[in-house]
Structures are given as structure tokens and as C-alpha cells.
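Chain IDs A, B, C, D and E follow the sequence of writing; residue 1 opens each chain.
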Amino acid sequence: MKSSRTLGLVMIAPAAIMIILFFLMPVVLTAVFSMTSMTTATGISGGVYQIAPNSLIALKSALPDIAAEMAEPRYTIDEAGLKAVEGLGLTPGIAAELRAKHAGEVFTARRDVERMIKDLADRPSTRDVKQISEQFNRSVLNTRFDSKEQLFSALDSLGFKLTAEQKETVAKATYTGWVWTTDNISRMTTSPDMARVLLNTVLYVALVLMLFNVGYALLLAIWTHYMPPTPASIFRGIWLLPRITPVVIYVMLWKWLAWDTGFISILIGKFGYPPKNYLLDNAYNAWFFVVLINGFIGASMGMLVFSSAMKAIPKSQFYASEVDGASRWQQIRYIILPQMRWPILFVTCYQTLSLLASFNEILLATNGGPGNATEVWALSAYHTALRNYAGNLEYGLGAAMALVLVVIGVTLSLLYLRVFNYGTLVAKPLIED
Amino acid sequence: LAKDVHISVWAGGTGPNDVYRLDAIEIAAQQLQREAALKGEDLKITVEKKPYSAWEDFKQALTLAAEAKTAPNIVVSGHEDIAPWSQAGLIVPIEDYVDLDSWPLSDIYENLLKIASYNGTVYGIPQDAESRPMFFWKPYMKAIGYSDADLDALPQSVQDGKYTMKNLLEDAKKMQDKGLVQAGYGFYPRTSNGPDYWQFYTSFGGTMEEGGKLVFDKAAMTRTYQFFADAVKAGVTKKNHIGMPGDQWWKEVATGKAGIWDGGTWHYARLVNQEGLKDFFGNVIFTLIPAGEGGKANTLTHPLVYLLTAGHDQEDTEIAAQLVKIASEPRTNALHAVKSAHLGISKSESTVDFYAADRWTREATERLLPHANAMPNNSDFGKYWNIMWKNLEASWTGAKTVDAAVSDAESELKSTLGDKIVIR
Amino acid sequence: MRILLDNFSKSFGSTKVIENMTLEVGNGEMLALLGPSGCGKSTTLFSVCGIHRPSGGRILFGDRDVTDLPSQARNVGVVFQSYALYPHMTVTENIGFPLKVKGMPAAEIRKEVDRIAALVQIGNLMGRRPAELSGGQQQRVALARALIRKPDVLLLDEPLANLDAKLRLEMRSEIRRLQRETGITAILVTHDQVEAMSMCDRIAIMKEGEIVQIATPAEMYNDPKTAFVAGFLGNPPITFLRGVVDKGAFTIPQSEIRVPLPDSVGAAEGTKLMLGVRPEHFTPAGDITVPGKVTFAETQGRENLYDVALAGGPLLRSIQPVRSDIHVGDDVRWAIDSRGVFVFDENGRRL
Amino acid sequence: MAERSQPSANYRSWPVITALTIVSLPLLLMYVYLFLDTVTIKQADALLPSGLTLDHWRFLWQTTEGKANIWQVTVNTLLFAACTTSLVLIVSSMAGYVLSRLNVPARGFFLAGVMVLHAFPSVTLIIAIFIVLQMIGLYNSLLGVILVKAAIDLPLGIWLMKGFYDTVPWEIEMAGVVDGASRFRVWRSLVLPQVKPGIMALGLFSFLSGWGEFILPQVLAPGNQVQVLSVYLAAFLADDNNYDFNMFKAVGVFYLVPVLIVYALFNKYLMNIYGGGSKG
Amino acid sequence: MRILLDNFSKSFGSTKVIENMTLEVGNGEMLALLGPSGCGKSTTLFSVCGIHRPSGGRILFGDRDVTDLPSQARNVGVVFQSYALYPHMTVTENIGFPLKVKGMPAAEIRKEVDRIAALVQIGNLMGRRPAELSGGQQQRVALARALIRKPDVLLLDEPLANLDAKLRLEMRSEIRRLQRETGITAILVTHDQVEAMSMCDRIAIMKEGEIVQIATPAEMYNDPKTAFVAGFLGNPPITFLRGVVDKGAFTIPQSEIRVPLPDSVGAAEGTKLMLGVRPEHFTPAGDITVPGKVTFAETQGRENLYDVALAGGPLLRSIQPVRSDIHVGDDVRWAIDSRGVFVFDENGRRL
């Protein structure tokens, strides 16, 4: 008993580790992200506290006076600064000259103080100029503080007397990182575009699934079933091509077919029709091609499953029904189809999940266009979180959108396990050691 | 003591005409090595260059690389990325490393430097300037009744607000009606998302930002959306124009298949160098974007900037900053300006023979730059942009009515940006 | 209805399975096709029912040439080896299927099904599916389905192969009874000699696509034309001795065995021969005593089986009622019944 | 399976062959032209080529500035696909065996878990995956994407392998145990060889899927040094400066040919993948 | 080596398969475990070889308690029903595997393999894989593999089930010869009575997890303890008549059949009984004449089989040497051999 148990645990460990690392952790992280306001601008790893003109805009309405005061950049040539400059170990003349000529001066712009420093007799290098000017910086403007405490102590030392409440307001307004929020959910539920995308997704899954992954796949399987082996395997090979062709090329082939300069345009052009971008001509066309592009890939899996299921029907049943007088259609209707129930159910369940998560083909073919007409949920999540022209990657919202798919997927697959009577899939080991 | 420094530089939206964005850094490295040698330092700099042709891939790769602390030392990107990237701490202010008062930085146009700043801090050094004119195919304009003199005066009348968007659509229609161009080719705008579309918004009186806050001007946006919807309705622009293959667009524009189109100053380079439009000035006139209802003629400049990324060794970043600085020398920068037909970044650059002799850069600079706006540096601008574009596309293709598109945009902006955007 | 295979040939691609076979089955007759695996029995049957098309020759039902008729038009009933019931249909639906595809109204089908179900005695199982039936019940359903369309011809392809001994015994009589009752012409394909012998009017023994002998069971057992046929029938199987003709008798050189040959065997002196001795003809009761040593003995209940090695190596098998006095290693002097032996020439042709 | 089946004589094959030929035409056309266009010259609006050329294949001997070198990319792709495949094979052949045959606690739970995991739209979890990779320092490395890709293929792999193991007769294992072999030995030298067709099928499946994978390397390994063909080709396509459709097609063919070869060699195993795994 | 199952029980989850079974197999003995499907034969065997763990009781090899020993440590040889050869290994590798896992040097393995291969006479097949072997050859390989580690115990789980009749006959003697030659203790699981009777020293008949009777084959045939055992052995099978005791004789009410009961059967007047009559004990030669009508007749080559329906319905079966004078429907007056009948009480217990 013990030996097989230990062996089992050892042998399953690599799978468990990989799955935990690259599946479970990401799922958990996604769930976490979906509750945040994470974007490119907030960064992923967390933010800092930075009093900057931009953050002060928000603060202005709450604490107008304090905000105005904070907004004041100040470089003061004071004793503390001079001491610090002396400590830098530069040419001693610099500190001396500063003290002699400029003590007590106040500058509002960094460039001004630096110009002054550059005018010193011992002109420091640019790097030193920056270092020296920093010693006289007497404002918190644009300084990045890693924690609230550092921010408050800096503010304290500059003489800002803030109540605890005000401190919180300042901290909130100046934090650059992400915060916990449920906005993503409300944005998903209120956005009219999201509803549209959801509808697109349902349409996409339903159309591709019914027309191709099941319907056409069944047709292919039946057709090849009634063929001698050689043509059957040739046709199966042809219809497997879309699946084994790398998606980038596969989509390129469709573009070759459907673009303005593509085959259809040229062919029809011979009959005097102007060329047209059939792929993106209008929403209907785009849908037509999106369904076709995905359908041609999807059909092959169903075809294989159905073909092998048909092969598993004993030949004698076909013979028997022929002898019993059944026509081809009657054979399909009464013998084949009734026995395809499980394969059809299997393909339906499996492919629903695959389709829900798939967006590669759409991304490469229409990129959701025209006018977002073919944008599906997974693609939209990808666009939101990882890829858009403005470079505004909204990780939080994207994660929330991904989570929706996860929830749908898990629900469906639990249903699926039920339908397939999960219990029967785990047989008891027969060797009891 | 030999010192090996490895500097990597990535550039977005970079085609074969834009190689000097990267090469300039290499040239600068040569220069810096020599300077170091004179100072007795044995400095060896290797520059690793990576151009990205598409913005989407570039921004995705860069953002993730920066989060992973494996970003390149120098990045060439649009200035509008400064806001979010600096807030996230992905980039460091370049002014911490260079002396802006020294040559050649001191010579860079002040307004460009401003565009490269955020929070009062200069984050990047402008790499180029440009602007985005409206182009007209001269022969067709003549064919619909413009005389040579009319055409010579067109830029001015656009600038004065006499020739407006309305006229533009009418002319496009005329070209089609006369059979000069095919249906949908009268007005043949950019095929994909881009800053261009903001200049239509400003042309119709829209404001992007005010006092540090984003602004969504419903009326102006409605007019903007409506303009494209009208163009589609009138048949002068194709409904499925967006998303069409870029190469095809270029070819058609270069060969006079289109009547009027908008583009960037750098289009000149591509049209002439790659697409074979030999007699550019004989065939094309360019103007500001004409005024729309409620606005005035304008153009948008979208300078790319050299940025320094965070998370590197301090010394390396300093060297990277030096390289950026050297690359901004007028002669070096002019290589890029001329090759890619971008505009120069500094006053002295226009005195470089090589640059000044170029008719295109000269004319474009004079005619366009004075009227150029720029997109705001605001960390939330990206969200605004995505929403604006999504709904423009929807109303353009007829997926939504113009009103619905505007109100969808409004409600999404509200729920996304809250009080960070002023809606009016 | 008479079935005539006239010069029938069948090949699959380049594999010739059957060449120029002629076979006639009389009206109401039940014929067994018997032969080793792969000899072409199923192929013949499938050609008769139209699943395979002959590559040459004709197939006639009565006087009608059905060679190019599809199965659907031939009106044959077939019981397949595995019964080929439709697993997703109930017994009723299975049996009614041939009528359903004809488009007969449901009520009539139901009546017909009930009638035929009563005939095969499965009236109480009508709602079940094949998986819920025992082998024997399945077989009866298959039979009912084959019979319901009142076929001209009934074809049975090893219908009992999957049954255990007891059930097989019962089924044999059942099929025969039904075939007799309906007066149908039938062909039974089997590889089980007992089945063929016990059920059919005549047996055709096939070998490599050819019919070797066709005769009644008794004739076949008692008068095999070849050593192959003789070896094929009989359980335990016949044993063969090899020898030569020596003065009108079969002898094995260097041994004392001499079996006088009947006059009908006109074999020249010195001809090489094979002598077939069935186990029941090598017992203590025979007339030609042959000494040997028992090398194997086993009880089969009411009978014992012995292998006896003769001097010089050849082996004879003997079956006898149970006795407990003989053990492996014993020397015995049992005798061949000279009237029961078959004489074959070197190539197995009966003399 | 071994039985070479012929359709019965009662139905004609030509109607189905004709029908299928017609619907297969678009697909055939696309692929025929894919190959044709890479070696021919064709006028823009012509349907048939007018001459032969190898010019579209120039990417093989010249590297565009800033683009990765095609051979380096090919090696990367090969490495990526091969490593993913090996990893998937090794890990899932072990885990599948445990789930099919060994007495471990929570076996049923793990199996159901694997099944549910399959439903996860892993590509949409990619940001989180990125974070994990970054944490373990494997962002923008081939190893990182290999691990992720393998992990994503694992549920299917484990499920399939379990299905294959289920079909191995217990007797073989029993015989092994009785012959004195340890359970590990039994797995290694007796059971594993029995599921070879399954391993081949899964291997082929994994290899094809790895070879064609796009999003993962695109997001997780964009660097030139670690680029794979799909990303290379996509970037090629996205770049409208060097627009030469026939060259894309040549790159495409270059990319596709290994797949076709692998498929031609091993396709008979692919038919197994559904036979062994997806019971129901 | 003696095998002792001492009070052995086995259940799977809540299904009790075997309860408190005690069984001893003597050293060098070959015991057949015979019983209907699902009665627990394989379970018993698997427990002996250690694949299943007993839920209760002990298993002893000689005097050593092996109950908790894993298979690997038990030194048993098993021939599985399907032989379970390793399909990817050659014959040599298959046979050598048990030695290989022991870590024996290759040269020695080779020698051992050659020796054992000669013993089972497959020396000429050593390079082939199982798929290239006939059933009989496979079986010999399986046997060789089981024997090579010189096991204390040889277990055979329906080793002949997959073979055709002719081959089966050969294999039976082969296995027995080898078992005798090696002097090993063996258990043969089978559902084929002929196999059990012909090969083994003793037979244990099981029913639903219990051993019903254990005896030598002849004893078992001639002296069955229950109707179940009687019905299980014998081909064609025994037939039973149901009746009552009437004046010291077995009678079927409303019929003239009267079979006097031996004195040993002390059954009270009116007790319900079953009378078992084997087919060979209902022939023209018996002593108690019973009239009836032939309902089924079939030739089995050298013998004919008849079903005779007696007045009132009950059926008797008869087997006789071939004769051609009797046909279905004939009235016959054959007789039961009263010395050959078995008397059972209502519940099937032999009286």
C-alpha cells in the first residue's frame, strides 16, 4: 500500500507543481487583480507617494491651501544645505563660494538654481550640479516616497502641520499605485459595449459550434464514412490542415482570399465587379469569415471524434440495416445519428470551452472589427489588458474580464463532468499493494 | 581601466525610413567613446537596437519588460506615454541626468520640450517633430475646377478658415461624381487608430485637456463623429475603411487612387522613397486640417521622445542620457528628419544645409508647425483615447448612431474616469 | 426459393477470395457452409445478401438474376455473427426496423412484430434493449428481425459463435425448428462441425475459396472425399498414418502394422498412402491389432481419450467409454476397425 | 482499426466524393496558392502566375535590419516546440499513470481538478502568468514560455494519457508484479511501452500546438533572441513597410513545411488521440 | 510446496466475494478451480499470488505465512487468461523478464531462458514478438515466463480460454506434462469442465464464493454431491426429472415412470425429489423403460443426440452411437439405466 502511494505522489508531483505555478497561482492572482484599479499608469508591483502637480489637482478641491503650498517648488541656499554640500567631498571651493555669494537665496525652479551653480567659479560637472542642487531642495514636489510614513515625515520636516484626516487625504491623492476597488465589476455591468461583446461571444460560440464544430464536423464524418479508405483519409487530411497550420499563416491565407487584393476580388474582378475587402466589408461579412475561419479549424476535431465513433459502430450494424432495406438517409437517421449522442455531447461541451477562450484567429483576422462587430469577450479582455494602440493596459479590468470567463468555464466543466458521470471515470486500482 | 557598457534601445512605430531613431544612438556612442578616450577612459559601448513596426506590440512588450525590470535603457515612444509611464515609475526624468542648458539641448524648441515634460519635469528629449496635414491630389482638384492660383492659395484659405471640412466633403464628392476616383476614395483617411483623429476633434472645436484635467466636449465630439458618418453616408469614404491593409492604402494614395486624405509629414518620405511618387509637389498639395464647425484649422504634432527607463545601473543610465543628448545634435538629428521626412527639433537644425535644402521639411515646418497642438500628457489619456476611438469606429461603420456613440462614450468615460474628466 | 451461385467469383482489390464457385441451394433447404477461418464463407454470404458485389458470375434467387440488385431490393434475412442488433433500439424497434424503413404504418408494424416475437418466444422482452438481453435472447431477436419481412432467403453467419455450450445446444434446435416451420431457404455459415452436422440438410465444405465437398452430414462423415474433409469433421479429430501399399495392404515400413485395403482402392504396389483412423475406430474392439504405448490420457466425463504412440513414432487416438485401468505409459494392444478406415493418396484424395 | 474497411456495395461513393470535393475547394485553393505564390511571379490582378522566381525566399539569406535572424528564430521555435513536447510528455505520462492506476489520496479530486482546469481560458490569465514568470525570473526567456505552454497543455495531456493507460490490460501489470518487478519498474518497462501510440499522439499534438503557438511567446518572450516563428511572422505581417505578400507566404511555407512533414510521418497516431482519451 | 488458504475471505468494498474459504493444495498437486462466471475463481487466484490482499484469513505457502507479503516476494508463477505477454518484448525478453528484474547477469539469463524455452519447445521462436505468435505459442511463452523463476506455485487463470478446439486439446497435455516434470504445485482456474477433468488431480467446484465439492475428476463425475455439481459436469449435460417418492420409488405423478430408489436414499413417502439422468444412461440399453417422443435429433459425427419429451412434458436427453432410424417425431421406448441415476432432494442435495 505504502510503496504505490509514495510512488504515486512522487510521480504526480511535477504535474502538481506546474499546475499550481502556472494555473492555480495565475487564477488566484487574476482574482486578486480583478479587484484592483491596476493599469499601466499604476504599475503592477505597487506604487509610491508622489506630490506632483498632477496629483495636486485632485487635492486642490479638498485641501486648497495645503495643495497650493505644496505646489511651490523651493530651493533654498541654507546652512543645512551648505553643510550637506561640504559633506559631498567635492572641490571645497564650491561650498565656500555658495556660502559667500548665494547664502539665503531662494529659487523656485530647479533650472534656475542649477544655472546659478553652473556659474560658480569651479564649474562642477553636470552630475555634481544635480547633486548639489538636490541638497537645497526644500520641497517635496516630485519626490517619490516609498511609504506613507516617509511622506508624512518629509512633510513634517517641511513644516506642514496636518491632521490625521488630512494626512489620509494627502496620502490618497498622491498615491501612484493601484488600489482595491470594485469598479471593474460595475464597469463591466454598466458598459453598453461590454453587453455587446458578451452578445458577440454568445453568437460566436453558438454559430461556430453548431454550424461547424458539430454540424459540419458530423457532415464531414458521414461523408468520409461513405467513402473508400483512401479518399476518406485524403479528405480528412485536407480538413485537418487548418488545425495543424500555425494560426498566423492560416489567417494570412484567409486574408489572401478575402482582401481587396485577394483572390475573390481578382476573380470577381474578371467579371467587372470592383475589388472589395470582403473580410471587413461590413459586419455580416466579418462574421461570415470569422465563423468560417474558426469553423474550419473546429470542424476537424469533431470530424475525428465522430469518425472514430462511427468506426466503433460495428460494421455488421450497417450491413444489417442495408439488408433490412434502409436507404442511405435512413441508415444515417436511424443507425448513425442515434449512436452519436455521446460524441456529439462530448464535442459540444469540449468545444464550447475551447471557443469561449479562443481569440487568436479573430485577433489576427479582424482584430475585432469592423467597428468592434466581431470583438468577443476573450479578445476584449486581451485588448483591455494587454494590447491596444494607446498602450493603456488596464490589467485590473482585463483580469476581471478573464475571471468572468473562468467562472463560466468552471461552471460549464462541472456541468460537463456531471453529464459524463464523472464517478465512472475513476476506477479502483486492481493491484492492492 | 576598460569599461564595457551595453545600451539597448527600442523604438516603436518604426519603419525603414525611421532607422535613424536607433542609429543616432549608435552614432552618439561613437562620439562618446572618442570623448572618453580623450579623457583617458577606455569606454566601450555596444548598442542593441530594436525597431517595432506596430505600436501595440511595442507598448505591450515595453510595459511588460519594464515591469519585469528588463526594459531597454532607452526607449523611443510617443510623448503621451510619459504620463502613465512616469507615474508607474517605469521611466526616470532625463533632466536628472543632463544639463538642459547645454548644447544641443538648450537649442531644442521650448514647446517641444514642454511636450516632453510631465509634472513640470522634463522626462524625455524630443526625437523628432512632425505634424499631420491634409493632402489633396492636385490633378483632381484641378479637374473639379480649381485653378493653379486657387490651389496655391488653398493652404492659406484653409488656415484662414475659409476652406472648411464641409468644403472638403463636397470636393471629395465632386471628384467621385466626376468619376475621377472610385466610390469611397474621395476622402481617404488613415486606416487605423492614431493621433490623427484627435485633430479632427480639435478642428471641430474640441479640447482634450484643460488645467490638468481631461475634457470631453460632447458637442465637438458629436460633430467629429458626425463628420465621418456623413462622409460614409455621402459615399466618399468607405464604411469598412478602418482595418484595411496598410500597404494597399499606401499604394493607392501614392498612385492617385484617392482624392483627399490626411496623414503625417513623414508620409512624404514613404510616398516618395518607397511608393514611387516621384513628383510629389506636382501632384499633391498639403494644408492644415481645415476648420470644422465650431473650431479652427489646426494640426497635431506628435513628437516621439527619447526616454530613460528605470531600474538600471546608475552609470548606465547616465551614459544612456549622454547618448540621447549627443544624438540630439542638429546634424545627427537632421539625418532622421530628412530621411523620414519628420521635422527638426531645434532652431539650429534649420540652419543645417542638408536640412534646410529640403523643400518638404522647410515648407511643412513653416506651414504647419505654428498651428500644431499636441495630445496632453495625462496618465488617464489612454483610457479616454480607447473609448473615443472605439465609439468613433462604431459610428463610422454604422454599428451605432452618432448620438448613441457619444452617449456610450460619455457614460463609459464617467464610470471609468469619474471626476478626472470634465464632460461638457 | 432456390439460390444459385453461378460461376461466382469475388476478389478484394488484388486478393482473390473466391474463384468460379458454383453452388445451388434447393428451395426450403438448409445448407451449411463449413470451412476454416478465412476460406471465404462470410464473403459468399455477403455476396448472396448483396453487401458485396461479385467480381464475376451471377447470383440467382429462383430464376431471378439478383447479381446487381442492392441488398435493399433482395428480400433476404440475415442473422449476423454478432447479431448486429441496434443497441439504441428496444427489441420491438429492432424487430420492426425492416418494416419501418419500408414505410409501413406503425400499427401494422406492431402487429407483425408481436406475431414474430411470439414465434421466437420473446414476447416478454419487448421493451428491453439488446444490452439487457442474454446471448440466446439476442439471437432470437436477430432471428425475428431477419424473419419479419418474410424473406425469401435466410442467411446465418456463425450465429452461435458467441454462446456458451449449453445455450448453443438449445439454439441449434430452435433455429432449425423455425427454418422448418417457415419453409425458408437458408444458408448457415459456421466453423463448428457439430453445428453444421446437426442443423443442416446438406453441408458444403470450403477450403480457400473453393467448395471441396457437398453432401449430407452423414455422407460427409462416413464418406469424406479428401483428407481435409475427414480431418475437419469428427471430434476428437481423426488421426492419419502414413505408409505404402504392400501386397494389397497398407503398411508402415519398419513396423508390423498391416491394414488390408478394400478392393475398391486400386493402388499400385509401393504407392504412398495416408490412412485415416477415427478415434472411435481404434479401440479394444477392432480387428487389426496394433501395439503401442499410451502417451496421454484424459477423462472427459463419460469417455476417456487416449493418445497411443505406435512403434516408430506415429500416433493414433482412441476414444472409449470411461475406464480406469489405463494410465499414461501403459503398453496397450488395441485394434483398428478396418471397416472404418479411410484411405487417401499422398495428396489427400480419397481412394 | 486494422481492418481496412470498404464501404458496402449498396451505396455509391461518387456522390459523397463529389460533394466533399466541392466544399473542400476553398481550402485546397488556399493551400495550393500558398505554395504556388512563393515560387512564382504574378501580376497584381492575375489569377495565374506568369513566371518562376525564388525572390520571395530571400529572407532565408538576408536579415532585415532590426528583425531577428530567421535561422535563429527557427532554432528557437524548434527548441520551444520540442522542449514543450518533451515536458508535456514526461510530466503527463507520469501523472496520467498515477491517476489511472495508482492508489494515491485524492486521486478523483485531482482528476476532476485537471478536467476543470482545462476549461480555464489560460491566455486570458496571461497577465497573472506574466507576474509569476517575472517572480521566478523567467520573463522573456524561452524556458519561461516553455514552462507556461507545457503547463497549459498539461490538463489535456494528463487526461489523454490517463485514457490511454486505462486501456492497458491490468494483466500486464499484474504479470509484472508477479514477476517480481517494483511498481516503478512495471510502469517504466512494461506499461509505458504499451502506451507508445498514445505518447506519439500526444507528442504530435503537443508539437503541432507548440509550433503554432502565438500569443504566449508574443507576450511572454518578445525579445529577438527568443523569438519564435509565429511572432516573427506576425510582426512581419503587421509591418506595412515591407509589404510583400508573397514573401509572407514564403515565410509561411517555411513555417508550415516542418509541420506538414511531422504530420505526414505521424498522422496515424493522431487518430488515436481521440480514441484513447475521450471516452464517451 | 503446499498451499493453504485458511479461513480466507475477500471483499471489494461492500461486495463480499469470498467468505471463510479453506482450501489446501498438496505439494506437487494440480488442482482445478471450476465454477460459473463470477463465482470468485480469479479472486482466489489473485489473492494467492498477492495481487489482492485478503480481507480475512491467512494464506500459507508450505508453513510460511505469506498473507502480507507483496507479490514480488511470493515467488509464484502465473499464466493469465490472456497470457499478458509483454507485447513490446521478444520471446527471449518476455521469458527473461523475471530474472532481469532480479538483476541476474545477462549471460546467465540467456542460459536459463534457453533451457526453459527448450522445455516448452519454442526454441525456434526466440526473436519474435507476441503478436507474431499463434495462440498456442503464446501460451507456451507465458508458461515459460511463469516457470523460469522456479516458482513455488504455478497459477493458471483460464489459460486455454482463447484457443480453438484443436489447439486446446494439444495444450492441455502440454501443461500437464510440464507441471508433472517440474513437480510444481499448481492451481488451474477454468470454466471448462473437460479441461478441469482432463488435466487435474483434483477439482474444486465453486459457487458464489464457496467451494461446493472437492474431489478427483472421476469421483466428481460419478458421485456429485449436489445437482449443481452434476449439472456442471458432463457433456451433453445431465437432465433432471422432478417427482416424488412413492413406495420406495421415484415417480412422476400422472405418468408411468417409476424408478426404484436405492436403499441408501432414505426418503420419506411423498418427499419431492429430483432425478438426474445423464444422456448416456438413457438409451435403448437401460433397464427402466420410458416411452416418449423425439423432439430433437442431431448428428454429432460418431454419435447422435436426441431430446425425448416424456408424457406430461419432462425432457430426457440421450446420446447414442450414430444410427439413422430415428427421426424427430418418432415415438421411442428407451430406458433409463437405474444404476446410473442420481437422486437429489428438492434443494439439489444428493441423497
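Heads up, the rule we're going with is that a contact is a pair of C-beta atoms (placed from the backbone, for glycine too) under 8 Å apart; a residue touches a chain by one contact, two chains touch by 3 or more.
Since we're looking at a predicted model, the values are computed, not measured.
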**Study point:** Path length in the contact graph (chain B to chain C, fewest steps)
**Key:** 2
Study note, to complete from the structure: Using only protein Cα atoms, the chain sitting most centrally is D
Review point. Distance from the CA centroid of chain A to that of chain E, rounded to the nearest Å?
Key: 68
Check your understanding: Using CA atom averages as chain centres, what separation in Å is found between chain A and chain D?
Key -> 23
Review point. How many angstrom between the C-alpha centroids of chain E and chain D?
Key: 53
**Study point:** Shared interface positions of chain D, touching two or more other chains
**Key:** 6, 8, 10, 174, 177, 182, 219
**Study point:** chain C, residues touching no fewer than two other chains
**Key:** 50-51, 70-72
Point to revise | Residues of chain B touching at least two other chains | key: 57, 60, 67, 245
Exercise for review: Throw together a list of every chain pair that touches.
Suggested key: A-B, A-C, A-D, A-E, B-D, C-D, C-E, D-E
Study note, to complete from the structure: chain D contacts chain A in the complex at 1, 3-8, 10-11, 13, 16-17, 19-20, 24, 26-31, 33-34, 37, 44-47, 90-92, 94-95, 97-99, 101-105, 107-108, 110-129, 131-132, 136, 147-148, 150-152, 154-155, 158, 166, 170, 173-174, 177, 182-184, 187, 208, 211-212, 214-215, 219, 229-230, 233-234, 237, 245, 248-249, 252, 255-256, 259-260, 263, 267, 270-271, 273-275, 278-280
**Study point:** Residue ranges of chain B touching chain A (in the complex, touch as defined)
**Key:** 55-57, 59-60, 63, 67, 77-78, 80-81, 83-85, 87-90, 95-102, 118-121, 182, 192-194, 211-213, 239-240, 242-245, 248, 318, 378-383, 385-386, 389-390, 393-400, 408, 411-412, 415-416, 420
Exercise for review: Spell out the part of chain A that touches chain E in their complex, as residue ranges.
Suggested key: 3, 428, 430-433
Exercise for review: Flag every residue of chain C that touches chain E in the complex, lowest number first.
Suggested key: 165-166, 169, 172-173, 193-194, 197-199, 217-218, 221, 233-237, 278, 280, 296, 298-302, 305, 307, 321-322, 324
**Study point:** chain E residues within the chain D interface of the complex
**Key:** 46, 49-51, 70-72, 74, 76-78, 80-82, 84-88, 97-98, 101-102, 145, 149
